[in-house]
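Next come two complexes, and both contain chain A; in the first it sits with chain B, in the second with chain C.
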Partner chain A sequence: MFKWLSGKKAEETPKVHSLDLEELKEQLKTELNVGADLVFRTLKRDGEKLIFCLIDSLIDSTKLDEVVIKSIMNHKEIEWTCEGISKVLPMASIHAVNQLGEVVQGINQGKVYIYSEGQPYGILADVSKNLVRGLEKAETESLVYGPKISFTESLQSNINILRNNIKDEDLCTEDLTVGRRSKTKAKIVYIRGIADEQIVNTFKQRLNELELDYIPGTTVLGQYIESNSWTVFPQLMTTELPDRISIALYRGKVAVLMDRSPDALYGPTSFFAFFESTEDVYMRWNMGLFLRLLRLVATFISVLLTPAYVAVLTYHYEVIPSPLLLSLGESRARVPFPPVFETLLLEFVIELLREAGARLPTKVGQTIGIVGGIIIGQAAVQAGFTSNILIIILCLSALGSFTTPSYLMGTAIRLIRFPIILMAGLWGGIGIMIAFCFFIIHLLRLETIGGPYLTPIYPARIKDIGYSFFKLPPQYFSFRPITNRTKDKERFPKKKAKQKKDVDE
Partner chain B sequence: MQKRSKWLKIAIVISSFCILTSCGVETKQLERLGLITAIGFDLKKENEINGTVAVSKFDPMAKVMTNVISANANTLQTLRAEENLAIDQRLEMGQLRCVIYSKELAEKGIIQLVNALNRDPTVGNMVYLTIAEEDASSIIKMDEKKIKVNIGTYLYNLIRQNVERELLISPTLHEFNHKFFDNGQDPVLPILQVKKDKVAISGVALFNDDKLAARLSNDKLFYLKLLTDEYRTGSKELEFDREEFSNIINTQGGKSFGEVYNKLFLSIDTLRSNTKIKLVDKKNIRFKVEVKMDSRLLETTNYLELGKTANMKFIEKKVNQEMEKQIKKLLLFFQEKKVDPVGIGNEYMAHVRGKPMTQKEWKELYKNAKFDVQVKNTIARTGTMD
Partner chain C sequence: MKVNLHPKEGLLINAFMLFFIIHSVQVGVGLAGLPRVVYLVAKHDAWISVFLAGMITSIVLIFMVQMLKQYDSADLYGIHVDVFGKWAGQSLNFIYMIYMTSTFFIILMNYIEIVQVWIFPTLPTWQLSLVLILIVIYAVYGGIRVIVGVAFFSVIGTVWLVIVLFVPLQFGDFTHLLPILNVNAKQLVMGAQSTTLSMLGFEIIMFVYPFVKEKHKSMLFVQIGNLFTTIIFTLATLISIVFFASNSLEKTIWPVLSMFKIVRLPNLERFEFIAVSFWMLIILPNMCFYLWAASKGFSRILGKRQKSGVWIIAIVTFAATFLIKSRYQMNTITDVVAKLGFYFAFCYPVLLAMIVFIKKWFKRRGDKHAETQ
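Presenting the complex of A and B:
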């Protein structure tokens, strides 16, 4: 039963490294294979030899010089043994090791290995240099209102931001290593006492069972641990906003942060969570409600308006109101293509513009916008390539899809439009209905970390609708979302929230 | 085994998709259609009708054009087929707005043509049915330059606007069907007339079954609508002898005004009404018609002393009496012509048990029906005065 387990262990038999310095050097060189980056520095005193082994590119050289080497050289009286050296090193993180594997791993992580010839143990001291970029404004999720700080690529500083946001003793950050070869550090973050254990365990299980060599970032990690990888709809949210994570954690969600990845992954996230922006939370409830409804309506329009145009102009001319009939007919009369083809062509142009604008540097990108928007739009109508009403409709639906706060969900919405347009061209209104029903059924069947995807709608959790669909005045949200099955159900006492006390009471 | 069934499922889905796609729903691309917006029917000779259609069509080079095509046939289907031969775009009925039947045809019955519209799923229920004073084709053939829009749209707006202003009873296909198939009520349609290059509504046609039986002028229409429907913001002008009002006419210090007419006209508006027709006596078929109204007195052709309550009561009484008289006259007129546009038959049938009544049976009883009319009009306001 444990054959595979024992087999693996035999491979990594503990091996003490050579006690001879020259041999040690050779061993390290063959193990690490990093060329000139591997640097040895030898100190000598009365025939005793002390060696520092390190990788040049990983360490902070001032730290090494000022702290490690200087303190050893200044204390001439100490013995060059493991205990003796550790007494004079003014550092918190030092380990005594003698296994070759551990030494190699330590050096690879940016530690310096200090070894005195003949001693049974050497010391690994952490002098690593972490290249961190400064804190910047969020780029992919731009905001008008609310905190704008975003995560960076350093896990340490990300946890630091998060810990500063939430000074809760129950905030748990459990360590993980992701990637069998890359050994990237990651952390599962949740608040004990709020997050449901089952969700935490699901996350842990899915992450631990991954046997991948390398994962480039949390967005990719999310794709590996979500339940259905065939669908276009993302089932886990990634965000670069620390406050978004804090809000989610207090609603009973679980987050995963990974080193070298500026996005945090969190879940379970239902379909409607992708239409929430932190701005909704910071704004007054009625403004937030308006914006949220606006986004949902925009999405609906974005998915159904162009197919409706195609269906109406190809099959259901009866439903066109008479004031619109003339202008529609007039603009269509000059177009040589059937409506489906016309629509797909223009959709293609818009997607091209978007992609070209995204790939180019900002300055050139703007030019592309002008070229595409004005010149192509105007010229296409004048040349009788498309009808001008279609341009309006297409722009509406393109704008609608860009209002979605989650870029992934926005792209998913733009994608599902194409099959619906095709079906509208094939079977008209019936085609739209079939395609739309297909997507609804598909959404109903999806799940996110074991939970339902369409949650406040199906299964109906009427109380939760205020958290994802609508917004209500804040005093009504004394409970945490029911769908997340939080252990601590109440956020604040319900009765007290309704009292408004004056100063003298 | 499970794997095989999965593949089978996928195969079924794909093959059914292909098969269904090849079924091919008939495409009707807007710009390739000639959209009929109005049809006029005339009786050509025995066993033949003449249909004239106004067709909107879209040309890539020109603006929207209206073509008028005319053909003779026995049924609507063949009529369309005949007309289709005369145009380069396929004729479709889906944007039909208005249907005109000539008076001659209406007197002989129009239900066969209405039924043809009913059965065509592309024709909406909100199509307006109308009657032409003379021949229908002359209305359709009206010069488009003079009315500035497509004739179908023009007629549609003409009727809709008047229905919305509560000057006309809504003549949609739906309402015609409802009243036609209802044994206790008869349909009413507006009559169109060409007047100096314009089409105008000159009255309403009252039907007995599907045959035109009588016509009502526009001023009488108010009372018909009062009986069948509710008014929200109606208005009505009433005519009185000036002598009757001599007590309350304000002479403004000896001077006399408003002597242009030798009668007194009152105009009331923002009229809200509610009418109840009750079967009081089942044996003698006696109905009580109760009309409740409140309104605003806006216009009088003589200065009246409106400040006093007694005077207002007097005016109210006079208005009530006049209206009662007119309503009674109208009901007797309906009885005489054997038409029942008010739906009195429905009221009767609702109170008499037994076998459902046929239209014929009801019309027999209708002859002897008697009516008590009571109008209660409250003049709530008299306009602003300084």
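Presenting the complex of A and C:
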């Protein structure tokens, strides 16, 4: 009923700043409130006053001195008006403004505001200084084979890398502002003519509807635009590898890059996409296939091996053939705990080692790994805390979870092991199956940017299986993944790839 | 209530998924005991009976799909109302809903019984039934797409068990099959009728049909699904007859599970523990589809939210699990539901299809008549 009262009221009326220099200074001081960082430099000529307003810490002072002030001082003949000054400034990005809000925003972004007293407009010129770290090798996604360059925190340089990778004039980089207060720059990147407009629009809509004050990075951004935030499974992929983004873009995906965030977010990514590494693409198809299957098997083992141990030793020891049962019994003879407790204990130790190794500097981390792994393991067995076989099984499953290229998915897989172990301790094989059924249903219910999560398997897109599950010789991939509903379906003419030569032709 | 159901575009499923749906709903708890049940009636020609039952099912499916094709996009609930009017139609809907709830219940209880007999004799029924019902509710909440996904993964994840069934064959004696066709026709037909409980499930097509994208292809995939089921059932029966001696097959309640016992890998024995666990994946789509169809009926009849229907049916089923105390009660109820299923899934749809054909024929004639005048 009172909608007309509450609506639109918050919107500020645009306000022109004071034309008087002293008053302008006061206004800027109260608006910006940055203390001594706010610097004013005044030039005088025959009673005319020209003022430069800037924030000291945000600007490149040589640029300001050499380009802006010098060129104005050198051209004595010009009028100190908006047009006059803009004629002599050798800069690409200058704006004429007079709104207080715009001026404040500009100064806050590292621009200098040049204003001559009494004029209706002033000039905002960009002299900002970006502190950028140099390009480095990828750390979190380490590779043996393939390009190793990784994104940095600067959006500009990230886009630069990407554009250098893809010299495609259809590469769109649309601007966005993320964070209602922090106003972080972000870009939504896709290739026009390949990416499905619906997916692009879903991304845009979800990003524009965000009303958060501040988002620290793309990984957090991803969590906000995902469909299901309760699950452990990540639904959007983040990567620090520019070539991974280029490959994804040509498969019809959409990426989001954010300033001050060294990761790019892209989607739609199905469950199996998290088990792909760029190495699979660079390697020969049979090696890639082998590695990919190895990774999937490793994941499977990692999830099911320890629960199976618990289930078998607690309830179904009949399943083990008698020779094997003997050695198992022997190694477990001194262990006073039930298998669930024993397993959870050792899983906890392994998680501790992993976390400690990750938090410490590399050199110390390695030592911790060796100390923890060898000494604790050895001592635990000798003290009769655990059985040898469990240590083997646990190490296998820990190794299995580390093979996942995506760190998020690897963590998710380590996490879901715990409820399965508990269920196995409760109901044995039935418990494992219950957990298994639950996770199947759970994964079926998830979605990634409007698309199904288990995509090439269900809904079955048999052609796409080669893109995420298996790998085939390159000539069979003349099409783009069907799941992404790309507009341009073909990567290269299929006929040419299928041509076969006769003998001695 | 509307006769036709027009689901949203995003909810539609491909026609070839019908293969997985029909196959996964048919294969269930019934299969574990199927060879014995048929063997008791049709003796060593039981496998012929099973195959016969598959053929009959296929004919019933033709009737069902043809009946559904008379409508634009209707399910059984809609057809009932269209054919019998509001009151009679809704009562029939209600009865069908009860039938499906009881099938849901029977599947659940039979599986729990198998678990109790084979793995955990002391496991309280209510614990496992509670967990299973909750999982099924979670799936049904996801809607038709998730349930079809469950059916898909159920088929993919358990089809390898068929290969394991070939292992007992090396210890089999094929002379058990001879002489072929030694029993009379009546026994064969009676044997075919005793497969009802295992064959049941295909009636789900009458509820899934509105959600199929390419409706003209549905007949093909439904028939392929049924054929695949028939082959697996016949194979299981055949192997059981070959493997077991006559009197031991009569005494083995779950011959299919018993046969898994002899499978032996270097690091694994007593395969039936794994088979019984995996059986949960086999029955999961059955339970999901029955609960989904029954709750769909709830929302179609009363016009309420399907979610509340899911909960009401689940709570009723859960409460009913406390009523079963012994194996004998279980047997009686399973027999009753099997008999009900015979009438509800085999006889009644054919009858209804006839009525629909006649009605449509009259209507077409009436239209033509009106045109010529």
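In this section, the second predicted complex is superposed on the first by the 487 of 505 C-alpha atoms of A that agree within 3 Å, B and C clash if a C-alpha of one lies under 4 Å from a C-alpha of the other, contacts with A are read in each partner's own complex, and residues count from 1 in each chain.
Keep this in mind: contacts are C-beta pairs under 8 Å (C-beta built on N, C-alpha and C of every residue); 3 or more make two chains touch, one makes a residue touch a chain.
The model shown is predicted, which means the values in this text are computed figures rather than measured ones.
By the touch criterion stated above, A:458 is placed in contact with chain C alone, chain B being left untouched.
Touch criterion not met for A:395: it reaches neither chain B nor chain C. In the superposed model, A:427 lies in contact with both chain B and chain C. Of the two partner chains placed by the overlay, only chain B lies in contact with A:338; chain C stays clear of it.
Using the contact criterion defined above for the overlaid structures, shared-chain residue A:318 touches chain B and also reaches chain C. Touch criterion not met for A:32: it reaches neither chain B nor chain C.
By the document's definition of touching, of the two partners only chain B reaches A:328; chain C does not.
In the superposition on chain A, A:293 makes contact with neither chain B nor chain C. Once the two complexes are overlaid on the shared chain, A:436 sits against chain C while remaining clear of chain B. Residues 315, 318, 320, 427-428, 430 of chain A contact both chain B in one complex and chain C in the other. Within the complex formed with chain A, the residues of chain C that make contact are 13-14, 115, 119-120, 123, 128, 131-132, 135, 138-139, 142, 145-146, 149-150, 152-153, 156, 264, 266-270, 273-274, 276-278, 280-281, 284.
Across the complex, chain B meets chain A through its residues 20-21, 25, 27-31, 33, 35, 37, 56, 58-60, 63-64, 92, 94-95, 97, 122, 124, 153, 156.
Residues 315-316, 318-321, 324, 427-430, 432-434, 436-438, 440-442, 444-445, 452, 454, 457-460 of chain A are the ones that touch chain C when the two sit in their complex.
If you check the complex, the residues on chain A that touch chain B are 313-315, 317-318, 320, 322, 325-326, 328-330, 332-335, 338-339, 384, 426-428, 430.
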